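Look for chain A in each of the two complexes below; its partner is chain B in the first and chain C in the second.
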Partner chain A sequence: MTRACAAGFREVNNLADVTIAADQADAEARRAEKLRLLMRKKPKYIAEVWRVFWKNKLAVVSLAVVLFILLAALCAPLIVPYSEAIRQDVLAKFTPPGAGHPFGTDNLGRDVFSRILHGGRVSMTMGVIPTFASLLLGIVFGGAAVYCGGRVDSVVMRLCDMLSCIPGVLLALTFVAALGPGLENVLIAVTIASVPDLTRYVRSVILNIVGLEYIDAARSCGAGGARIVARHVIPNAAGPLILSAVSNIASMIMIGAGLSYLGLGIQPPNPEWGNMLAEGQNYFTRAPYLMFAPGVVILVAVLAFNLVGDGLRDALDPKLR
Partner chain B sequence: MRLLKKSLSRPLCLPLSVAFAVALTLMLALTLTSCTTSAPPAGGQGAAGDTASAAGEQGTTAPAGDTTTQPASEPSGNNHNDTLRLSVTTTYSGIDPHYVAQNADFILCSLLYDSFYEVDDRMNLDPRLATGYDVSDDGLTYTYHLKSGVKWQTGEDFTAADAVYSIRRAQESPYMAAYVGPIADVSAPDDTTVVITLSALSPTFFADINRVRFLGEAATKDFETGFAAGIPGGTGPYTIASWQPDQKVVLKRNAAFHGAPAPIGTIELTVFGDTNAATRAFEAGELDYVSVLSSDYTRLGETGKYKTYTEETASVVFIAMNNQVSPFDNPLVRQAVGYAVDKNSMLYAAADGFGRTVSSLGNPVLMFGAPDAGEIFEYQQDIERAKQLIIDAGYPGGLTLTEPILTMATDEFSIPAQVLQAQLAEIGVTVEVQTSEQSALVSNLILGNYTLASMALTLDTDASALAMAYTTGGIDALNMARYSNPRVDELFELAAQTLDQSARKAYFTEAFDIASKDAAYMPLYSINVLTATDKDLDSSIYTTYYYWSWN
Partner chain C sequence: MCLRFFERGKLVSRIIYYVLRRLLFLIPTLICVIFIVFLIMALIPGDPGRTQLGLEAPQEAVDMFNREFGLDRPFLTRFFSYIGGIVTRLDFGVSYRTRSPVVSEIAGKLPVTFAVAAMSVAAAVLFGVPLGVLSAIKRSTLVDTGVTVLALFFSAIPSFWFGLMLLQLFSITLAVLPSHGVETWRGYVLPVLALAVPGSSGFIRLTRVTMLDVVHQEYINTARAKGASEYAVIWRHAFRNAALPLINGAGLMFGALLGGAVIIEAVFSLPGLGRLLVTAISQRNMPIVMGCTIFMSAVFMVIILCIDIAYAALDPRVRRRFSGGEQSG
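Moving on, here comes the complex of A and B:
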């Protein structure tokens, strides 16, 4: 009996040893798998974002439209000389769209197609430059508010609150009225009017990032402020800020067009989509294409930028990747 | 800054290709509806009384003083509820007749208050509160004989004392200075006689004095100047029934009017800030009369549903050059501008040819003394001569102006400025265009804070009114060109000192000839009013609404 029990116990011990060995093997295998996963080469962030963006066909088409508009604006002087956009032929005024004038002629006989092309340069300038200028200023002010904190943060935020009480278009209008009409003054006015909102947005983005645990971890490891900003804050803030910038371009184009429509932006005879819309308004019953041409390009440009922004937002959302 | 951001969180429901196809089809359809060609008129009216302009091909051109209308296909048999619905483009500033400056306010006051006579654009006198007047041999004393039995709306009798009160009140107003300036004394020897003594001869006084409209002393002496509706009113053919100066003013026939009752019982004046909006309201049947743009004039006439006609106005569009600043202090440069300009193409560009090219700031059809075509020196476009003048002026390599052409954003002013810019470019003069708000532009012109500008002027029916625009005394006022020529000053003074119209005409002609050769201004053209009305309405801009009627 004892010999049998002893044999049984030996058997159990052998089974236990086998089980323990199996468990240890499993654990080893899992550790190895984890190590393998950690050590594998991850796809780059940009490639990952692009992969998600590419899935959104509407955004891709919109991006193509945006690139087309920017290319057309850039190459406008190569397609049609600027002199064609302002050359008058009074006897040929209100020529409907046709051969020689794809978009017709306006009230002074100027080719509308040429004016749309060259007006696009101005409109894109009014969209892009104030966007990135105000973003840069927003980063400076927002970043300073977060970095300094305390009273500096309060003062900056209260100033932004004050300016945000005034509708942006009115604020831009005020600055243009004070500075005078013209492209440069419009760029300055729209930039200044955009800074308060962007400062608040940048501040909120940075605050979200610096509140994360890995920032604390980096700080506890001895990383200095500059290293934290360079290695952690900027890379993680870039996505939302780029998204904000792309979305704001559309708004800037609309505001610039609105100021030109009111006669405060680009001065005649220089073409800009907004002032072309205003000029065409008086002749709506006689030559509706004078309104449709600039109106449609504004619509398409603004829509395209907005859709690209939405596509980027989805692509940058980690939950969707 | 996301005021207009539209967040599309989902892709379009329609397949993309279908959506774009629908959008493109819609755009194409709308564009094709505009595929019409417009026959260009041959140019503006060039000579007095010339009605054979090609503008007649598009609509009905009325020679000055005449309205030619399209015949109605059948009488409407509708008195339109004895109501006339009109649009105005500016809000009313008030109804104090001695403190208004806008044309719309003048018209309103002419319906509410009377003067000795009602004066039309041709200086014809229609008696109102006066039955006649006498002028002394020396031309310095005017004696007016008043109607008797005229009552104010408050019931008191209108007497000569009220006229004296009104004239003295007008003398205190800066808005009336041009009309009552020559008056040295005014008195009322009895209830129906007013005696006015002038300090100097005034050939236009017989018309100017009628700008002074009469107020009842008892009713208004305690009111502040510049009052709005609320005072008891005047003796005119209408009274105010409703007063919303920035929206709508309604006038009712004055049952106690001393003259023939107004043919139309109610007048509704609705403020439309935009001519296009007013035209759309007219086509929707909300208005009976509207001034339209040239682009709508032909179209409305071709429908056959409306009466359309065009009438000349005293409004003259011109280019102002600051004679006191470089480079326009050099007469050669100013003359070069004159030879660079093609007035007919500007008129066609701005108004489809509905107007008349002019050689002074007055329309010769509506202003006595304004030179007619051929009476004085006039610039004709000569590009080569203009280029040579620029070289002779000391700019062999061309001229780039540092200051822009100042103008307003409306097409009436912006188009001449843009055409001028293009025409100056042909002679080697480079300049930008800058639009500004009206009051700022006028202020800059009056103070001389400009180099080149496009503007319009609407002045009275006698060339003596242009003295302030051409003489040294008008600098910092109406002499926007800041032009000064002693002989021109002398000629306007001589014209003011005689009642001999032939002599006055000769003085004016010489003065304008000198100013034209000096290229003080560059007058371009006078603007026509293009009007569309209900087919049953009998109207004219040369008369007030009191004279209008429904057929």
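Moving on, here comes the complex of A and C:
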């Protein structure tokens, strides 16, 4: 009797063990499924954005142009050695565009095509580096303003107000005046000049996200600050911030070319699209093509970045999706 | 009638009070801007006297130069005496090169820059707004697409390159307009065109967006139902409500042109503030650089103030806030 009883107990116990084990396996499977869904969620979002972007053929073509320009800038030394861009050949000066020199040669007999190619490296640097540097600083300051709130917030914002009383290009020029002309100094100047606006932008983007209800929901579920920032704020802020970066690159290329045109950027004989225009200007009765090529390249680059930005904005806009 | 007059007087006095308060607030802001400019100038590596006089200059000459311009004094002393000079005598220091007061240098160049900036903004508005309105009322047609593409191209044209191309076409090939200087009005045509055409793209887009927002609202249907002509509906009802952001855009473009027209002034060799600034930068003539920056920032702040006042004066919602809700009924 007792033995039977004990056996029965053991059986029940075993059964319970099995049930618990099954429950655990089930829970584990569910957790894995959830994790898989979570892992899938992000690629799905990107795929969705990409799908909308892909429908905008103009934006896709522009993206191809942008990638082409960036690739050309990256691979310039592999296509034509840098020495070709600054090698003077006085006998061949003012050769019109033709077989040996697709874009002709300038007043010192330098090949305009190689100069455009290598100048593109500088122009792209001026577009990309200040954009990302100032975005990073904007994220640091804007994020700090929101995260710390209170006094830090108002100090950061008042500083931004003060700095944006000076028109942007003027602020950059003042920095160049203090630091002296040159590529690095222009990069620093342009970066600092665009930090105030970006800080304000980042702050407003983050404030918008933090104000949303699901952040409250996450917090009430016991999510800590770091988790909210990593899982909710950063993924949601990424779209608008990338968008602003893409549109910013276009205006940075323009400003950079303008500063180089004034002779404040990279110094001769190094080529850059802006300073090529300035050099070509002196000879435009004799060789109008010297001004044509750099101008068209700037136009195409700025247009392509703008169009990619527009396409991205539409793709990121949930109302249009 | 009498009451209304009284209320209007009250409204005006409130606006005057607001303007005065804002003007008063400009002073500390400006002092901070001057401080920032001073800080930036403190970044200059090396001795300013040495930079001006060259490496070969004897040390006594450098010291004398620094003493003459008060550069041997500590940072804060210089800052406060600079502020003091501005407040008491409108004195922004003297140029390193010509030894003439910065104020007179700036004043000599100011009219050209102002004229170019104002005319460019006006031309950009006159060109951009009708195109934007047209694009909005012909939405999703060929006209709309054409205008949008045009705006895209304009926004990507570098203004200085466009200026160079205009120069090429009108001054060299056709020889109908002067290539430099502003002795006659004809000298202004090309620079204004070079700034206005790329500038108009912003107005085209802005007008299109704001008009599209407005034309779908109920009161536009009401106006149509009342039998107002299409012209009246568009310009009197819709555009008046879409115009406020344009004032903002025009003001900001004017401010940006004060600094950004630098390059166009170089292209057309205009004797403006921008050229003064660029020359000063290449000569490291810091009093001029500081004077130009501070002056243009002050103008920019006044423009922003004017935009706010225009908003207050034109937008009934803002106006009501000033009259404390008396007009709401």
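Here is the rule we use: the second predicted complex is superposed on the first by the 278 of 321 C-alpha atoms of A that agree within 3 Å, B and C clash if a C-alpha of one lies under 4 Å from a C-alpha of the other, contacts with A are read in each partner's own complex, and residues count from 1 in each chain.
Just so we're on the same page, a contact is a pair of C-beta atoms (placed from the backbone, for glycine too) under 8 Å apart; a residue touches a chain by one contact, two chains touch by 3 or more.
Computed from a prediction, not measured in an experiment: that's the story for all the values here.
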First, second, both or neither for A:L173, with chain B first and chain C second:
second
On the A-aligned overlay, A:V302 touches which partner chain: chain B = first, chain C = second, or both, or neither?
both
So, A:C165: does it touch chain B (first), chain C (second), both, or neither?
second
Which partner reaches more residues of chain A, chain B or chain C?
B
Contacts for A:N236 in the overlay, against chain B (first) and chain C (second): which applies, first, second, both or neither?
neither
Partner chain in contact with A:M252 - chain B first, chain C second, else both or neither:
first
Figure out whether A:V61 sits in contact with chain B (first) or chain C (second), or with both, or with neither.
first
Once chain A of both complexes is superposed, is A:P181 in touch with chain B (first), chain C (second), both, or neither?
both
Shared contact residues on chain A, chain B side and chain C side combined as an intersection?
167-169, 180-181, 250, 254, 263, 281, 284-285, 288, 302-303, 306-307
Note which residues of chain A are touching chain B in the complex, please.
56-58, 61, 86-88, 90-91, 93-98, 104, 107-108, 134, 167-169, 180-182, 193-194, 197-198, 247-248, 250-252, 254-255, 263, 267-269, 278-279, 281-289, 292, 296, 302-303, 306-307, 309-310
Quick one: which bits of chain B touch chain A in the complex? Just the residue numbers, please.
1-9, 11-12, 16, 27, 30-31, 33-38, 40, 275-276, 293, 295-296, 299, 345, 348-349, 404, 409, 411, 414-415, 417-419, 421-422, 432-436
Going by the contact rule set out above, which residues of chain A touch chain C in the complex?
161-163, 165-171, 173-181, 250, 254, 257-258, 261-264, 277, 281, 284-285, 288, 291, 294-295, 298-300, 302-303, 306-307
Can you list the residues on chain C that touch chain A in the complex?
29-30, 32-33, 36-37, 40-41, 43-45, 152-153, 155-158, 160-161, 164-165, 168, 172, 255-256, 258-260, 262-263, 266-267, 277-278, 280-282, 284, 286, 289, 292-293, 296-297, 300-301
